[in-house]
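Each of the next two complexes has subunit A plus one more chain, namely subunit B in the first and subunit C in the second.
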Partner chain A sequence: MRHSKAWIIWLVVTTVLLLTTRNPVYLFIILGVVLTLGTLMAKQKTQQPWLKPNLRFLVTMLVLSALINTLFTHVGESVLFTLPDQWLLIGGDITLESLVYGLINGLVIGALYITFNIFNLALSIKQITRLIPNVFHPIVITMTISLTFFPSIQRRAREIKEAQLIRGNPMKRISDWLPLLLPLLITSLEKAFLLSESMTARGFHNQRDQFSNRFLAISLIFATFFIFSGWILRLYAYPFLISFSFYLLSGGFIVFALFYANRKVNITHYHRETWSWEDVLSSILLVAAGATWITLLTTGNLPSTAYTPLPKLLLPKIQFQGVLIFFSPMLPLLFHHHD
Partner chain B sequence: MINISHLFYQYPNTDNDVLKDVSLTISPGTLTLISGPSGSGKSTLLRCINGLVPHFSGGLIAGEIDVFGSNPIIDGTKEMSRKVGMVFQEPETQFVYDIVEDEIAFSLENFGIPRKIMHQQVSTVLKNLGLCHFRQRKIHTLSGGEKQKIAIASALVHHPKVLILDEPTSQLDPIAAANMLDFIASLKSKLGLTILITEHRLERLLPYADLLADLSPDGRLESGSPEEILMHMDQVPPIISIAKQIGVKPLPLKIEDFPNLELHRELNIIQKDPGEINTQTPVISTQNLTVNINMTKILDHIDFRLYEGEIHTLIGKNGAGKTTLLRSMMGLTPYEGRIQIFSHDADELGFRKVIQNLAYLPQNPNDLLFAESVLVEMQITLRNHQIHREISEIQGFLARFGLEEVSERYPRDLSVGERQRTALAAITIHEPEIIFLDEPTRGMDYEAKNTLKDQLIEWRDQKKAILVVTHDVEFAALIADRVTILDKGEILFTGSPKTAFTQFSEFQTQTAALFPETGWFTPDDIPFSK
Partner chain C sequence: MKPNLLRSLLIDLVIVILGCLSLLAPFIFQQARFPGFSQSTFPIMVSLIIVLCLLILFFESQTALLDGKMIALLGVLIAINAGLRFLENAIPGPAGFSPIFFFIILSGYFFSSRVGFLMGALTMLISALITGGIGPWLPGQMITAGWLGQSSALLRPLINKFGWKEKPMEVVLLAGFSAIWGMIYGVVMNLWFWPFLAFTPDLAWSQSLSLLDNIQRYLAYYLATSVLWDVTRSIGNLVIFAVMTKPVIKILSRFQRRFTFKYSPKVDA
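Moving on, here comes the complex of A and B:
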């Protein structure tokens, strides 16, 4: 899988799956999938270790989340031990249920992190920035530059530090770092100035006119209004269909405004991404998996997702359709050798 | 055709005109060389051609500019960028993307050129400039000269009529710089471009220049044929100053044009006094110094000696290991072998002891300066070394550098030359015995170089040991007592400047090329009218 839009679909489906269940079995399936996918991709794309730092992050999240949840939430029936009540906030029953609940939360955060990491691994800076609409061209360029600018700033920092060291600055106290930070800040600003000069000389220009700016702002206000209206109606138990149409309206406003403003911006792109059959096939399958998942969820046909360890810890149930859907982020792996 | 008439320009928040009543007419398909001391407004004049001045810089402008039918003052940068391509001093700071072809296509994307045509234009420019093999390369893997060629390709990809270059070789070694200037000159005939270029190293470009425009420090401009303008200029390349003294007319712009007068037979050949260097005990010496960085051998068994009372210049191509040798002697790079400072092992002395007796001027003197005034910069170095000095003493020290007038000024507001002198004063106020300078003439005009030369000679007479790393062969020839040539991490030669600057063709000075077999290598060596 290579196309950036196919990867966006992968990212959205995986994130939705991760955020809509607390069933540890499903979470473990998806974690296993992303870890395998990431390790295989990293092997091909970079020489840097991938699995270890990601596992480290996952374990840290598990420990932190479990610790915080166990200490601060005192719900659940299986009491492990009790902390004195007079201990502010953490005093009370320490339960197995809140420990498990914390672990599950940690699992979700860790898996999300790894998912975004894979997305990063799959696409180049240019591919990611290309996903941003033309109308935000200046933002795209700023992002690209900040990413390519960093190594040269690092090198400058080293040069300045050495020059100040030889001048006798011990670089020990915090105030000793001023002679490094000030020249670094000034040279960075000078460099930024030179670069923007070079870009201006090559026709770079903020192409958005007054009208599209105003149009974008007004559309954003309308979109926000409709989103909130839909949400409030939902709060007052109006039918889902009504608020859903409000959401659609809001999304429509944003898409239309961007589309309109985009057409006004006369910028072309040197590279064009082409859809391969692998991209098309995995995108279709991913969308199908995501749609099935949402349908099953909203119709209540998948009770196994609604797992919670509270109030009493029980073993999670699993359903065949659920297992199948949670394996869907594996799809890029099927076409992996073609990359 | 480019026509500038009665142009005045003032930067924002300043009172004086950088350009004063400048008028200039440039014919299509010619190369114009713009010269003048630092701060005389050369870069500003270039930026008027593509509208960066005043549209990017702000400020007040008056007068008329016509660039092939467009007026940059009215039309702005977007419109002018289609007609004028620009290349800047530092190759690194002008790139947006990390891949060569993406970078070259940047302007085409901004102009909204259809993708198919874009690909054709990128291919054409790469082919025209002989850069096809770089197409997919990552820019950071290219050398300085290659990067500058990519910058030129990026400026030319949309077929502008004018190419302007702002000191495009100031960051390159002499060989890469010479190649670059030949390359630029070839573009004139190949593509029929109108080229404007500012450059400190006049000697290289003079043979190609159709027009020489000289800006004076007060912002006035004189233009004409190079032969004509050079007659009135004070600061000129060695070949011109020699021709002027002998009275050769018209002035020869390149070595081959110099009349074969058999001059050196009439003039007495003198042997320069090699100077008295006490070669008993070196101040710094290295034995079998080897440095590896990322598994690559940068220095290979270097035996180097620096003595008191000498100016030692270290020359060599980019990547020869010059800066690494400097850094290892300062204890900034891990090394194998032995480094001795005042007959003690550097390892045993420790970093703090070493730097008490050592001063280092980095390539960019701005790296040192951050305080609110020149005076405070001096106090900071003194405080670093825990030395107490009265203000009057510091003022006296600054006077030796000609900085007494500016002691209360903010260092970064000073001219290039003054800024470097401030940095030099700041690193030497604790009176170290050893002074290292890395590329001290970068971006400096002839006058600033002369001041630096006098300062170095003063230090040498005070018996200090001075090591100068430089690409500037003409400057090195003026100051050197001894020369070391580094090549691919090994010492190719150590010895007298006479041998270095006459025998090694890559480092030959203009004087040496003019008078082979005489042993002269600077204009001072020639016994005029004696």
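Moving on, here comes the complex of A and C:
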């Protein structure tokens, strides 16, 4: 799987799956899938260690979340020990249930982090930048300049720092960093000035007609308002159909407004991405898995997702459909290229 | 008031209201305090709404960028600021301390609210792209840093009105502003993260309690998890502004004058 839009679909489906359950079995399945996928991709794409730092983050999150939850939560039937009531916030029963709940939360945060890490690994900076719609061209140009200048600014900062160290500046207090920041700022702004002159000389100015589009701003405001309204109406138990119509309306506004605004912008692309059959197939399967998941959740046909260790810790139930759907983020693994 | 300015202010107002209503939904809407909702739907919906708010603000702000001069200037300033994020480890300071707020605030204060917004939001985006730090937290970071840069433009009329420009009071005001935002940044970012960690009855939202009680619970969660980070960030901002504002403002003033050249095509007689 290579296409950036296919990876966006993968990211959305995996994130939704992660955020909509607290069943540890499902979470472990998805964690195993993303760890395997990430390790394989890292081996192919980068020489840097990938698994170890991610596992370190996961363990840190598990410990932190379990600690906070156990110390501050005093519910659950299996009391491990009791802290004196006088101790502010942490005083009370320390229970096994709150410990497990904390671990589950840590698992979600850790898996979410690893999922986004895979997305970063899968796509290059160029691919991510290209995902931004054409109508935001000035923003993309600014980002491209920043990304292009970044390495040279880093290099210059290192050189200035070395020069300051040679001159006896210990670079320990914040005021010691002023002789680094000022020359760095001046030389970088000089470069920016040269760049702005050459951009002006090459006609990069006054493109107001292409980018000033009131229709887009107003449509996006309506889209945001409709999503917000659909969400709040759902909270107050209004029929799902009403919220769904609002979401649909919002999506329509976004797609139509961006399509209309993009058509007005004349920008050519170099090396366009092409959809391979693997991209198409995995995107269709991922969308199907996501849609099935949401349908099962909203119709209440997947009770195993609503697991909670409270009030008494019990083993989580699993359902075959749930297991199958939670294996869907491994689709890129099936279409993994070894080139 | 000019129609364009009025339109921009209206859009800003709508975005701030929608963004704040989403982030503060559990405080405002009683039904949003149901734990099941808070842990699953809340992060997804808030991220979605914030991404849309960001798109609107980007679209509005990019009109401030339409000439090549501002694009080049902002691009380079963002690259410097993203580089400063790497210096977080090099510059001695406790956890939570970050030098990136310095240029975000100065850009908004010095150039305009739109440039300040772009500086804040794009610094977060660029540094996330470079470090591979794209994650669900990114939209929240971007909009909060954007609001920080945008709001710093409010100091400009105040300083001009009292004639504090290039006087010690200018530095004091900017330093104080940065210290307050050091705390606000943490408070806003925590609102997004709260549902993940705060399940506990003593710290989480409760449907049966009043708004005031829920705010008290949030404060307890905040005290327990992040206040130390935010205090060190605030103190760090205060020190950086006290030390660096004056010389950096001098440089920015000089370059602002140089960047105001105007291009006009030669007209044949």
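Convention: the second predicted complex is superposed on the first by the 305 of 339 C-alpha atoms of A that agree within 3 Å, B and C clash if a C-alpha of one lies under 4 Å from a C-alpha of the other, contacts with A are read in each partner's own complex, and residues count from 1 in each chain.
To be clear about the criterion, a contact is a pair of C-beta atoms (placed from the backbone, for glycine too) under 8 Å apart; a residue touches a chain by one contact, two chains touch by 3 or more.
None of these values were measured; they are calculated from a predicted model.
Shared-chain residue A:Ala291: touches no atom of subunit B or subunit C. Of the two partner chains, neither subunit B nor subunit C is touched by A:Val59.
Look at A:Leu121: by the touch rule set out above, it reaches subunit C but stays clear of subunit B. Legend: residue contacts after superposition of the two complexes on their common chain; A:Arg167 is shown touching subunit B, with no touch to subunit C.
In the superposition on chain A, A:Ser98 contacts subunit C only, with no contact to subunit B. In the superposition on chain A, no contact is made by A:Val79 with either subunit B or subunit C. When the two complexes are overlaid on their common chain A, residue A:Thr200 makes contact with subunit B and with subunit C alike. Taking subunit A as the reference chain, the count of touched residues is higher for C when subunit B and subunit C are set side by side.
In the superposition on chain A, contact of A:Val280 is made with neither subunit B nor subunit C.
Legend: residue contacts after superposition of the two complexes on their common chain; A:Leu182 is shown touching both subunit B and subunit C.
Note: residues 125, 141, 144-145, 178, 182, 186, 191, 195-196, 199-200, 204-205 of subunit A belong to the subunit B contact set and to the subunit C contact set alike, using the contact criterion stated above. Considering their complex, residues 7, 11, 14-15, 18, 21-22, 25, 29, 31-32, 36-37, 39-41, 43-45, 48-49, 52-53, 55-56, 58-60, 62-63, 65-69, 71-80, 82-83, 86-87, 90-93, 118, 122, 125-126, 129-130, 132-136, 196-197, 199-203, 220, 224-225, 239-240, 243-244, 247-248, 251, 255, 258-259, 263 of subunit C touch subunit A.
Interface of subunit A with subunit B (complex): residues 125-126, 141, 144-145, 148, 151-152, 156, 159-160, 162-170, 178-179, 182-183, 186-187, 191, 194-205, 266-272.
Residues 50, 52, 55-56, 77-78, 81-82, 84-86, 88, 90, 92-98, 101-102, 105-115, 118-119, 122, 140, 154-155, 158, 327, 330, 332, 351-352, 355-356, 358-360, 362-364, 366-370, 380-381, 384-385, 412, 426-427, 430 of subunit B touch subunit A in their complex. By the touch criterion stated above, subunit A contacts subunit C in their complex at residues 15-16, 19-22, 65, 68-69, 72-75, 89, 98, 101-102, 105, 108-109, 112-113, 116-117, 119-121, 125, 128-129, 135-136, 138-139, 141-147, 149-150, 153-154, 157, 171-175, 177-178, 181-182, 184-186, 188-189, 191-193, 195-196, 199-200, 204-208, 211-214, 216-217, 220-221, 223-225, 227-228, 231-232, 235-237, 254, 306.
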